[in-house]
Amino acid sequence: MYFHRQELQHKATPDAPDAVYARKLQEVLGGQYGEITVAMQYGFQAWNAHIPGKYRDLLFGIGAEEMGHVEMLAVMIAQLLEDSPLGITEDAVQSDPTVAAIIGGTDVQHAIVAGAGARPVDSMGNPWQGSYITASGNLLADFTANANAEMQGRVQVARLYHMTNDSGVRDLLSFLLARDTMHQNQWIAAAAQLREEGYEDLPVPSNFPLAKEDRDVSYEYINFSNGEAAAEGRWASGATPDGKGEFSYVAEPQAGVPMPPPTHPDSRFYGTTELPNIVEKTAGAVQDAINKE
Amino acid sequence: MYFHRQELQHKATPDAPDAVYARKLQEVLGGQYGEITVAMQYGFQAWNAHIPGKYRDLLFGIGAEEMGHVEMLAVMIAQLLEDSPLGITEDAVQSDPTVAAIIGGTDVQHAIVAGAGARPVDSMGNPWQGSYITASGNLLADFTANANAEMQGRVQVARLYHMTNDSGVRDLLSFLLARDTMHQNQWIAAAAQLREEGYEDLPVPSNFPLAKEDRDVSYEYINFSNGEAAAEGRWASGATPDGKGEFSYVAEPQAGVPMPPPTHPDSRFYGTTELPNIVEKTAGAVQDAINKE
Amino acid sequence: MYFHRQELQHKATPDAPDAVYARKLQEVLGGQYGEITVAMQYGFQAWNAHIPGKYRDLLFGIGAEEMGHVEMLAVMIAQLLEDSPLGITEDAVQSDPTVAAIIGGTDVQHAIVAGAGARPVDSMGNPWQGSYITASGNLLADFTANANAEMQGRVQVARLYHMTNDSGVRDLLSFLLARDTMHQNQWIAAAAQLREEGYEDLPVPSNFPLAKEDRDVSYEYINFSNGEAAAEGRWASGATPDGKGEFSYVAEPQAGVPMPPPTHPDSRFYGTTELPNIVEKTAGAVQDAINKE
Amino acid sequence: MYFHRQELQHKATPDAPDAVYARKLQEVLGGQYGEITVAMQYGFQAWNAHIPGKYRDLLFGIGAEEMGHVEMLAVMIAQLLEDSPLGITEDAVQSDPTVAAIIGGTDVQHAIVAGAGARPVDSMGNPWQGSYITASGNLLADFTANANAEMQGRVQVARLYHMTNDSGVRDLLSFLLARDTMHQNQWIAAAAQLREEGYEDLPVPSNFPLAKEDRDVSYEYINFSNGEAAAEGRWASGATPDGKGEFSYVAEPQAGVPMPPPTHPDSRFYGTTELPNIVEKTAGAVQDAINKE
Amino acid sequence: MYFHRQELQHKATPDAPDAVYARKLQEVLGGQYGEITVAMQYGFQAWNAHIPGKYRDLLFGIGAEEMGHVEMLAVMIAQLLEDSPLGITEDAVQSDPTVAAIIGGTDVQHAIVAGAGARPVDSMGNPWQGSYITASGNLLADFTANANAEMQGRVQVARLYHMTNDSGVRDLLSFLLARDTMHQNQWIAAAAQLREEGYEDLPVPSNFPLAKEDRDVSYEYINFSNGEAAAEGRWASGATPDGKGEFSYVAEPQAGVPMPPPTHPDSRFYGTTELPNIVEKTAGAVQDAINKE
Amino acid sequence: MYFHRQELQHKATPDAPDAVYARKLQEVLGGQYGEITVAMQYGFQAWNAHIPGKYRDLLFGIGAEEMGHVEMLAVMIAQLLEDSPLGITEDAVQSDPTVAAIIGGTDVQHAIVAGAGARPVDSMGNPWQGSYITASGNLLADFTANANAEMQGRVQVARLYHMTNDSGVRDLLSFLLARDTMHQNQWIAAAAQLREEGYEDLPVPSNFPLAKEDRDVSYEYINFSNGEAAAEGRWASGATPDGKGEFSYVAEPQAGVPMPPPTHPDSRFYGTTELPNIVEKTAGAVQDAINKE
């Protein structure tokens, strides 16, 4: 169950309206790595979790916080749009090119569709979508997805920080940056603890019997480009992070195997096939089909 | 530049056709964490890279290998479909319910659209899309994204391994599992090396001045659910992975701040506003608008 | 701010697993009119609202309840999937066609992607998307959208009710049906009150000056099909619901106006244009372009 | 069958080109509530209708009109784009910032993809999609969807009216506003008549046996936010619009039920499970799987 | 303007219901190359056309016919669904596996969302989308797109023909196949006439000054795969179809040019850059940014 | 297998950064007819091909070249973005309106998401998607799709050529234009050769028995619009391109057949049905359902 309190976790009021910036801020509300994504991602991971206890509790606890971040950003965007110009192109251009410039940089659906309100889209107007989230049931994989989401999110907020001078906006971003710092640390710590406690290990999924994979190529860096610098990386020699092998460097991919011959599906799929085949099939299956149908 | 060789990196021929399994295998070809995703993701990360040397070389080298994995899966799927039944429902049901069952489980576009060929879609028929990939320019974030992609991918291949008894298919999956093992290890090693060499650190992005974030909440676990188990996690006390703080546990979120008052955009957006406002605006801005227009 | 409590509003446990039904239930979780839609829709309407007081309070109150419905459905789906078969096609078909039949009817990403977990998709596997929601800032329009959403939702739940005999599932659906009954009534009542209190009226938006619309055709039913039955409807004669006119029936559309002539954009767009034009432009603008570039 | 006449229902010629406005106008051509949506929505509702007579006739009659509205907007947009600048950024910026401003506000695919032509997209360039439409077979639900579509559409046209001074454009919008007025009235009248004639009633669907829903919560406003203002609304006390109950106000949600325990799917899905479980399963099912595979 | 007549161009009634086939038929209604695509494609090409006369007339004439094809397929699908089973899994499996098989093969939204009605989606449930259509303003390109659409469409209908024994369905498909035959011929004829009359020529667009393209590589087949068979094709030697050159075969791609050095964007984008750069920028731009902000 | 060489096929370096143009160039990288589309399209056609020899070799050879074109465009876009302004709106507007103008015209995700890097999207920010490609298994249809793709692509590059004065960009476009010239010629030649060699013929698919289509309407131009000009086209009289008939012109569509009566699905789908039906069904099926459930 979710309960709502008509307060915000942190102040979310700009000094002044800025419709162009409102559009940019949509990225961290409704983009691939925006707050809707993490709120939903942590929710689905919790609902699909197979273990009770501290890990699921963690997912529930953070998921609800992120819904509150969605709200703070939506409320901020609505205020940034509050005095946004209507966007009468003719007028704007004639009187003041900067007004036209501003209009050019806005999300025009903010005006036409939402009447100066926030929208569930990213900064280019693409609607948020369920395929942004990850919830596999394997928590080591999923916590790594979460760490990535918080990293990408913090990178985006850091960039947005420099795209405005509004102290009210920066105050909120400063808060979100700090929470992203926490959440990065948290998911890395949680992933480490999963390994320490023996729930999962590398490679993920760790329960799959290693004997069933082709161990000959499990630790080979195979170089499919013509550079040689990658030979110097930690991924090309030394112990592997999973503690189960040694990296090796293969400068030139092994010879491959021949392509299997092209397929010959039923001729009633009407693909283009070899000529003798066509002849045969015309006299054969297709003709039969004609006759019997 | 890319060059193609008409060989496969590993054998990709099934023992027998299986149109239902062909559909399932689409997931690791054209799904969120399929081979098209990693091939494109590593490509875009390389093209957007700001450093030459071993990291970009690594991205080029692996990206091209993944394009070859796309090819192996496509060729495998085409062979699994080679003798797929046409799917005449009436016939199937009358004569043999298992045939109807099989048809029920297939991707019907395999037959209708591709004529028994592979498609750039996932196992539910959703087209692959560019929003599956991540390439931010920040390599610590991106390598974490890559580690996640290889983990999710290996989990999916492991599941698919148990959904077939076909030894030809399993032979290919066994190879892919091993490469995913390599790639998990590799991205984790590459991320570690980035930190060791001082390119990036936690929290990501590490160059953003920490003084500009709200450090009071940078290491607080704030509990927005009513469980208490999360207090026992490593994310609730002790040193943080970024080495810059100590986790603390906040059992109850701090009191929030009041919601800002609702916005009052230009009345010509025709949102629903407070009554006096309506009256005023009708006598005011809208009336003016009427007059002057 | 949102808070989570680790309880469910209503019991959500099936009598027995049913992976085929789990897929169907996704519709009311992640479909166009599923619970994610209404949870997000009421949230965005509240954040974009221009009036405080009871209407925004209503949106907040119901929005949070709907997030809890998302959770109940997700938890139910995970349990329906708990003992779902792995889906080894060969085995299934050989031993028991009904197992194959079941597999054919499932969302295969439930198994491959989510490991027997719920997903943010509809019953055909399409990801939920932000474009399902409506939040225009005009509350009479939006409450009508809400009434529609609850009607469509209840129709879908009613259909789903007959597609299972599981008493645990039916118990939850019975609860959801009742809440949809409430929510239909509620939005209709709220829309009526908006009109009574003078916030909005028909036609929406009611503040737009009627004098600016082409009043000649504001109440005409213009018949663009060759049926005559529509002449008998309430929309063809009598007073209009907005209280501002009389319906009339136009059996045959008025003669239209001539199409404007085709456009002739800059020839450097390389569209196909009339011949003299091509000649001229080749000797003219394009030639100029060639010369000066 | 559909027949086309090379005339327009209303004049659709702008006074002057305006590429920025052309982009905005795309919203009501190819957006969520644009003319393609209603044309297709009324078509599908008619084709899926279960009753002949006046309701289906109405759907056919209006659906064809809306196709003509699609055409008028497309023709208008093409003319607005007719003299749109090519958009040579360098030139524009050097000579005249307002030209750059205009280019900044355009749909660049209008130029690059369509060569100064209209496109089946909204004002942010998102392609129109089938999931915008609603056709459930339940006409009371669907007519409510239609009323909403016409309300949202008219709100958008009203906003667009103020974003231009072009008298040709405004003349067309004035016509569309009037038709939206008609269509709002019409769907509300049609919905009312459905109820009067006994086809459907509230709650929708009215044939579903009420005894099967959880009547205890059918008319309760349950407050999941901490506001109290919603207690004053018509949805919190008094007779319900369906005439079958009395609203009541529940200030605090009833205590919920405990969450069901987490699921434990087959270990071959490789989700993260409780430790004893892992041990057991490793020694058990997985081990068996290894052996037998 | 569009007018509707309540008749069908051809009979569209199945002998018997078949919910599995109804799903398959969705492909040619709402798929990439279904009837909605061509109806919309021809419409947009006409509205964007720059020449009046026979070509635009052709587009209008065929576009309206295709809308009628949308209708025939929708009506057919609704009838195929008329007696579709509700899909109670438990019942079906226990009593008759073939019923479960049928349910497994259906579009479950046909039942849950549309109440046994047609939907604007393809055979895998993906909504139709505006990005399926092509309307560039260049008619030689667009007529080629149209020829392709009619070819792909006819291939699909031919495949569907063999997936049913229903004589009513086959009768309609037989009609559609013939119309696709006409439309293939028609677009090929129209493209040829465009060239004969001098409107356009190869390469498209023919007005672009050839001197501005890199003529050295305009007719070279450059072989990026290791096969040699392509050397025997008509594209490897002889006169080119545009009549302006001779094909040549390049067995091995020319040496390329070095990659440009990686980019170094503003450090406030927080990408990962070379170390000296980081040091410098930290002491430089970022430090400045810190100070001044 | 794919191999990467760290060179470019052609120089791809701009004279100067231009973030607005970078956005426009995304169209031919990640748009409907961009390089990702053709690279993937030719790959899937090759993997699905049913014939070995020169046609599949051709597809492999060109497909790999197109992957190199993706790379050149991505690298070019990254350089165009290298010195793109951060986009601080306030600053920009105050100091220099042209800077604001530029910001208004950029893809803001270039900055926020990719840190001045290329993205897998089109010029309006829509992610590339698998549904852009065509690979039916029928090579005459598919080569026609390819010819269309190269025509649309060349039209777009030609338009882009005129939207910049940058000689470095124009140099690359000049190369791409020439390759598109080659590829248009090549697919037209390949399609012609397929016909000459007897693999396929018109109408596509040519193996489908013509006797099974409704030959009465195979060559009729049926005029569904009120223009008469189309009667003069080559599609209205004379021999048809497939060499199997004569075009004829039908000025007025034949009378259609009556619409089939509306469907009456199971009442438990809760569609709106005729009154007697409701009564009956209430007393009948639904009542039964109530009783037995």
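So that you can tell them apart, the chains are marked A, B, C, D, E and F in the order they are listed, and the count of residues begins at 1 in each.
In the analysis below, a residue touches a chain if its C-beta (ideal position, glycine included) is under 8 Å from a C-beta of that chain, and two chains touch if they have at least 3 such contacts.
Being a predicted model, the structure only gives us computed values, none of them experimental.
Asks: Among the remaining chains, which ones contact both subunit B and subunit F?
Replies: Shared contacts of subunit B and subunit F: A, C, D, E.
Asks: Can you check whether subunit D and subunit E touch via the same residue numbers (shared by over half) or via different ones?
Replies: Same, since most residue numbers here occur in both copies.
Asks: Could you tell me which pair, C-D or C-E, is linked by more C-beta pairs in contact?
Replies: C-D
Asks: Assuming a repeat means more than half of the contact pairs shared by residue number, which candidate in B-C, B-F or C-F repeats A-E?
Replies: Having compared contact pairs by residue number, the answer is C-F.
Asks: I'd like to verify one number: the distance from the centre of subunit B to the centre of subunit D, where each centre is the average of its C-alpha atoms, in whole angstrom.
Replies: Here subunit B and subunit D have centroids separated by 27 Å.
Asks: What is the distance, in whole Å, between the centres of subunit A and subunit D, each centre taken as the mean of its C-alpha atoms?
Replies: 26
Asks: If a residue has to touch 2 or more other chains to count, which residues of subunit F qualify?
Replies: In subunit F, residues 1-9, 32, 48, 52, 55-57, 60-61, 63-65, 68, 75, 78, 86, 97, 100-101, 103-105, 111, 113, 115-117, 121, 124-127, 129, 131, 136-138, 140, 155-156, 158-159, 162, 165, 205, 208, 212, 224-225, 227, 253, 256, 263-265, 268-271, 293 touch at least two other chains, as defined above.
Asks: Would you identify the shape of the chain contact graph, picking one of line, ring, star, complete or other?
Replies: Complete.
Asks: Which positions of subunit C touch subunit D when the two form their complex?
Replies: Per the stated touch rule, the residues are 5-13, 32, 52-58, 60-65, 68, 75, 78-79, 81-84, 86, 111, 115-117, 126, 129, 131-132, 134, 136, 138, 140-141, 144-145, 147-148, 151-152, 154-156, 158, 161, 174-175, 177-182, 184-190, 192-193, 202-205, 208, 212-225, 227-235, 240-242, 245, 247, 253-260, 263-266, 268-271.
Asks: What residues of subunit B sit close enough to touch subunit D in their complex?
Replies: 155, 158-159, 162, 165, 268-270, 289, 293
Asks: Can you tell me which positions in subunit D touch subunit A when the two form their complex?
Replies: 18, 20-21, 23-24, 27, 31-32, 97-98, 100-105, 122-126, 155-156, 159-160, 162-166, 224-227, 253, 256, 261-265, 267, 269-275, 278, 281-282, 286, 290, 293
Asks: Please output the residues of subunit A touching subunit C within their complex, sorted ascending.
Replies: Touching subunit C from subunit A are residues 1-9, 30, 36, 40, 43-44, 47-48, 57, 60-61, 63-65, 67-68, 70-71, 74-75, 78, 113-121, 127-131, 133, 135-138.
Asks: Taking the touch rule as given, give the residues of subunit A at its contact with subunit D in the complex, in rising order.
Replies: Those residues of subunit A that touch subunit D are 1-6, 48-52, 55-56, 86-93, 97-98, 100-101, 103-105, 107-109, 111-113, 115, 121, 124-127, 136-140, 194, 197-200, 205, 207-209, 211-212.
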